[in-house]
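These are the structures in question, set out in turn.
Heads up, the next two complexes both have subunit A, just with different partners, subunit B and then subunit C.
On to the complex of A and B.
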């Protein structure tokens, strides 16, 4: 019998597979102009002078003086300018936009602009930085006593690198102005109302004078949560000035250089150990924010909340800093602060286990969080945590436990290793954000022909949201999927159901749709036009979150994962093959089994890339050198030919049909499984992502550093 | 012949050579390198020339038409396995359907995967013009990164690959990933013996210097020796390479690439009982 989980053909399948989908770069509007942004080429400087070439007629410079409202892009704080105002603070900071009818000519003219800088010494190394945008601390239990009484203390610093999204479609946006002065921005974006609010501020216009439309979208992974507000303001200001549509599509090198990435992290972990048991953990965590705040506080909060991973400890202390540096502002990326700390705690648990003479898995099992436990932030795990069942399944599928023993003490050219990484992802916006800030609203509009249109601000960027929303509404109403209409959001017509981020859409917005559909079903009148609206209701069971003391329930529920990776290392070259990857996930009830499987496999692969080959760094001048697809390497299907994922079905009662967050979860657990496998193959402890071919050969040649 | 806004499409080799002699044109085979550069040029499109797309065996000599794309060569029974092994690691199926072995050679990248094999196997190239033709050993064709001795009126018209002794080979490519990866280091080794004595040693290194590296003077140390004699010479042999291989700096450290070269060279000897 068909259930809600039974896969259906994705609603955007035919459009995208046939090549008919029109992305922002494909859109042509009469009289449309092309914009290209001039970015800072130095990390910190005062702009002394900008020397422009002779501009032919029709070619226009747009800069800070053209911003009619405030020259700030509203994200979390308002600290990031639309266009630089006399100073630049990172390589890639937007200085001005050159707009004209011919893109080639625009590029040519842009290359002739000379910026005279008075350079200052930039702060590049976030490990040393002393300027903190945010600084949080929390603790639980008597950790001081535990450390004082410890018979062994383990103290390690674990680091994670950048990760770049490499969405297939680069950042792209079009700004338009209508004769009444209303500004519309259409493009590749995750959060229409984020852009909407940013436009109001930069343009100095009321909410009814700006409009945001999501175009077809070729991927985002979080990279289009905040940056579209910046690019959106830029094209809006340009369109406002010249009165014609302005399109700006970033080149790939620019996109990699100037847009946000996963925050690099440096994490010092200390464990108090007594009688071979952990009695307390301390974590001192730094995330590299880059030059502006953008989303860093929220990313850091999620990282700190997860600093103890999937475990319950009675005594702990966590401190975290968002460090300001003169590098590109970092931001949202699938997992949103989680992959860093979950990597660190998993590696740390491996190392503690070995230090007390145990194998990692049996050691970890004893500390697993379970229903009813107090969380690190003195909230509560309110629901069943199926981790033991998931571990058992993934162990059976991969042969982890047996292979872990077999792979001890290998010699010979090729050495195998197997590693296990555990993770959770908190579902929904962190803390009380859903209740206090987002306050999501959805509407269902029933037409006289009995078809029902779904009205939300939720965006489908390839993750299947249109399909799952439609399934929820159709199933609730008991009508065929074909009778439910869903279009790309346009803020003139859809209510603000919140951003498409934080693995919240299915669980939170989907639940609102589920309730709206129930309401409509009760009121249903054949042949009548009807409309229902639903507003967010905060789960009553949640222990209120208080950010000032970092306490309470940050999320109503969590999604869980157990990941195993098996590798084979060539000791002559350091080349490592992933010979198997197995993932087991709890995402509540899958609203579409195939979509969930697609998410799990893609996210897991992304996590393995984060651990292995996705290497990016800034040089001493703050320049990212790996800014092309031949220098920044992401895995292909060939790199993990045997990738097996599955789910356990434990419905979450707060979600629609039992569903909860899924999209980010798989990207949180991949790197620790991979690096654990490298530890098993090399017979050593490792402390960072990515661990490259070069790192591997260096270790084999010289031993651990 | 078809004349386009951006070049010419000749239908015979004679036509192509005539155009080449009379015009400033960039020969265009598969275009997989030229498309990326997208410089305003006048191209000589070679894709209609069936004369350049043949594979013919003449005893121990294989004649490979430089216009053959990788997919054609991968499917051809006469192409030796060692060359196929290098070609199957080039980019992706889409690129292998377009890219040609002649283009791989004339692009003159030290990372060219097929060129490495041609170096080790003592291949020769036939260069033709309306004035005549010349045959050069592949090592003499390259003068630097992106530089060759091909004259402005010449085209590469034949790749002459001696087939003897290619069955026992040692090949390894280090890429950043399993597919769609430019070589970071590539190595091929050939070792043949006759009557208990080493009759051929070839060790070639790709992606290390401005051209593929092969040191015939070092290889000569082992020629005519028994395996036991070669084993005695092994430390001195490796020391020569240790001194001679100086990788050009790149994204991946010179130290790593050097170490890989030395490890693979030693393993190549080891796998041959030396």
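On to the complex of A and C.
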């Protein structure tokens, strides 16, 4: 019998497969003008003068003076200008936009603009920076006593690098103005109402005077959560000034240089050990925010909440800082602060295990969190945690335990290694955000022909949301999926169901749709037009979250993963091949088994890339050193074997048909599995991700640093 | 009229008056409005703009218009009308191999180029065949499975 998990053909398959889907850059609008942004080429300076070339008719400069409202992009705080106001604070800060009818001419004119800077000394190294946008601390139990009484203390610093999204479609946006002065922005964006609110502020217009429409989106992975608010304000201001549609599509090199990335992190972990057992952990964590706040506080919060990984410790202290630097502002990326700390704690647990003479897996198993445990933030794990059975399955599929023994003490040119990485991802917006900030609303509109339209602000960026939302509504109503309609969100028509972020859409918005459909079913009248609306209801079992003390339940439930990677290292060249990759996941009930599998595999490979080849850094001037696909490398089909992923069916009672968060989870556990495999192959401890071919060669010639 | 470049586009004789040094990608998208041909990098790295020129897979961003004079150029718009496309589409759908879809037109052209040269590829050969086409969504497993399936179901088509 078909269940909700039974796969269906994705609703957008034919459109995308045939090339007929229209992404932002494919949209043809009469009299469309092209905009290109001039970005700062220095990391910190006062702008002394901007020398413009003679502009032909129809070519216009748009800058801070053209922003009719406040010259700030509303994200978390309002600190990031739409266009620079006399100063620049990172390489890539937008100064002005040049707009005109011919893109080639726009590029030519843009290259002739000279900006005279009075340069200042930038702060580049976030390890040393002393300006903090945010600084959080929390603790549990008597960690001081544990450290005082420890018979062994392990103290390590573990670091993670940048990661760039490389959504295949670059950031793209179109601004339009209608004769009544209403501004519409259409483009590649995850969160229509985030852009909507930012536009109101920058344009000084009321909510009915701005409209945001999502075009087909060629990937996002978090990278189109905040940046579209910046680009959206820019094209809106331009369209507002010239009264014509303005399209801005970033070049790939600009996209990599100026848009947000995963926050690099430096994490000092200390463990108090007594009688070969962990008695307390301290973590001192720094995330590089870059020049502006954007989403950093929320990213950092998620990272700190997960600082103890999938384990329960009775005594701990966690401190975290979002460090301001003169580098490109970092932001959301699948996992949202989690991949950094989960990497660190997994490596640290490996190292502690070895320090007390044990293998990592049996050691880790003893500290695994389980139902009823108090979380690090004094919340509660309210539901069964299926990690032991997931680990058993992935161990059996991969042969981890046996291979781990086999791969000890290897010599010879080719050496194999196998590693295990464990992770969770908290489902939904962090803390009390769902209740206090988002307050999601959905509507179902039933037409007289008995077809039902789904109205939410949820965006499909490839994760299959259109298909899964329709499945939830159709299944609840007991009607065929062909009778359910879903379109890309347009804020003129859809309610604010919240951002498409935080692995919240299926669990939170999907549940609202499930309830709305139940309500519609009760009221159903054949041939009548009907509408139902549902509002977010906070789960009663949650221990209230208090950010001021960092306590409570930050999430109603968690998704879990156990990941194994097997590698083979050529010790002559340093080249490492991934020869096996296995992932076992708990995402509640899969709303579509194949869609979930696709999410798990894609995220897992992003995690493996984060561990292995996706190396990015800034130079001493604050310039991203590798801003093209030629030198920022992501995995190709030849860089991995078939990814062996599966899920355990473990329904979450608070989600629609038992579903919970899925999208981000697989990106949280891949790097630690890969680096653990490198530790196994090289017979050493490692302290950073990514660990590149060059790092491997350096280790083989000089030993671990 | 030395600047007129004549070639076959999706099976029909056509001509372009664009600059012969223009990127074929830009000409296809802007002059012929074939927006199924995607631009991901303009540096020949991502494969989103893949087309088939005289039976060979090519990144259209790396091809000058002038160089396709007299050639046969196939884009997704033309290919999607073929039986082979139908087989590939069914197989891609069966594995839900299309996520964001931005790499897919190029990936489909790479699939065709592979199968037309090698109708029964091994998994390794499939991975090599699409290795010039980046996909950030899928981890490639579903795409590889789909191409394998299409080659099995499309007996005689390739």
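As a convention for this text, the second predicted complex is superposed on the first by the 705 of 705 C-alpha atoms of A that agree within 3 Å, B and C clash if a C-alpha of one lies under 4 Å from a C-alpha of the other, contacts with A are read in each partner's own complex, and residues count from 1 in each chain.
Everything that follows uses one rule, which is that a contact is a pair of C-beta atoms (placed from the backbone, for glycine too) under 8 Å apart; a residue touches a chain by one contact, two chains touch by 3 or more.
Being a predicted model, the structure only gives us computed values, none of them experimental.
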Partner contacting more residues of subunit A (subunit B vs subunit C): C
Partner chain in contact with A:365 - subunit B first, subunit C second, else both or neither: neither
First (subunit B), second (subunit C), both or neither touched by A:14: second
Touching partner for A:605 - first (subunit B), second (subunit C), both, neither: second
Touching partner for A:573 - first (subunit B), second (subunit C), both, neither: first
First (subunit B), second (subunit C), both or neither touched by A:630: both
First, second, both or neither for A:29, with subunit B first and subunit C second: neither
Which superposed partner A:221 touches (first subunit B, second subunit C, both, neither): second
First (subunit B), second (subunit C), both or neither touched by A:461: second
Touched partner set for A:693, first subunit B, second subunit C, both or neither: first
Subunit B and subunit C footprints on subunit A, overlapping residues: 630, 636, 638
Residue ranges of subunit C touching subunit A (in the complex, touch as defined): 29, 33, 35-43, 45-46, 48, 75-77, 80, 85, 89, 92-93, 95-105, 108, 123, 126-128, 130-144
Footprint of subunit A on subunit B - complex, ascending: 172, 174, 176-182, 184-185, 251-253, 256, 259-260, 263-264, 267
Of subunit A, residues touching subunit C in the complex: 7, 9-10, 12-23, 25-26, 28, 165-170, 216-221, 251-252, 461-464, 592, 594-595, 597-598, 601-606, 628-630, 634, 636-638, 640, 642-643, 645
Contact footprint of subunit B on subunit A as seen in their complex: 413, 572-575, 577, 613, 625-626, 630-631, 633, 635-636, 638-639, 693-694, 697-698, 701
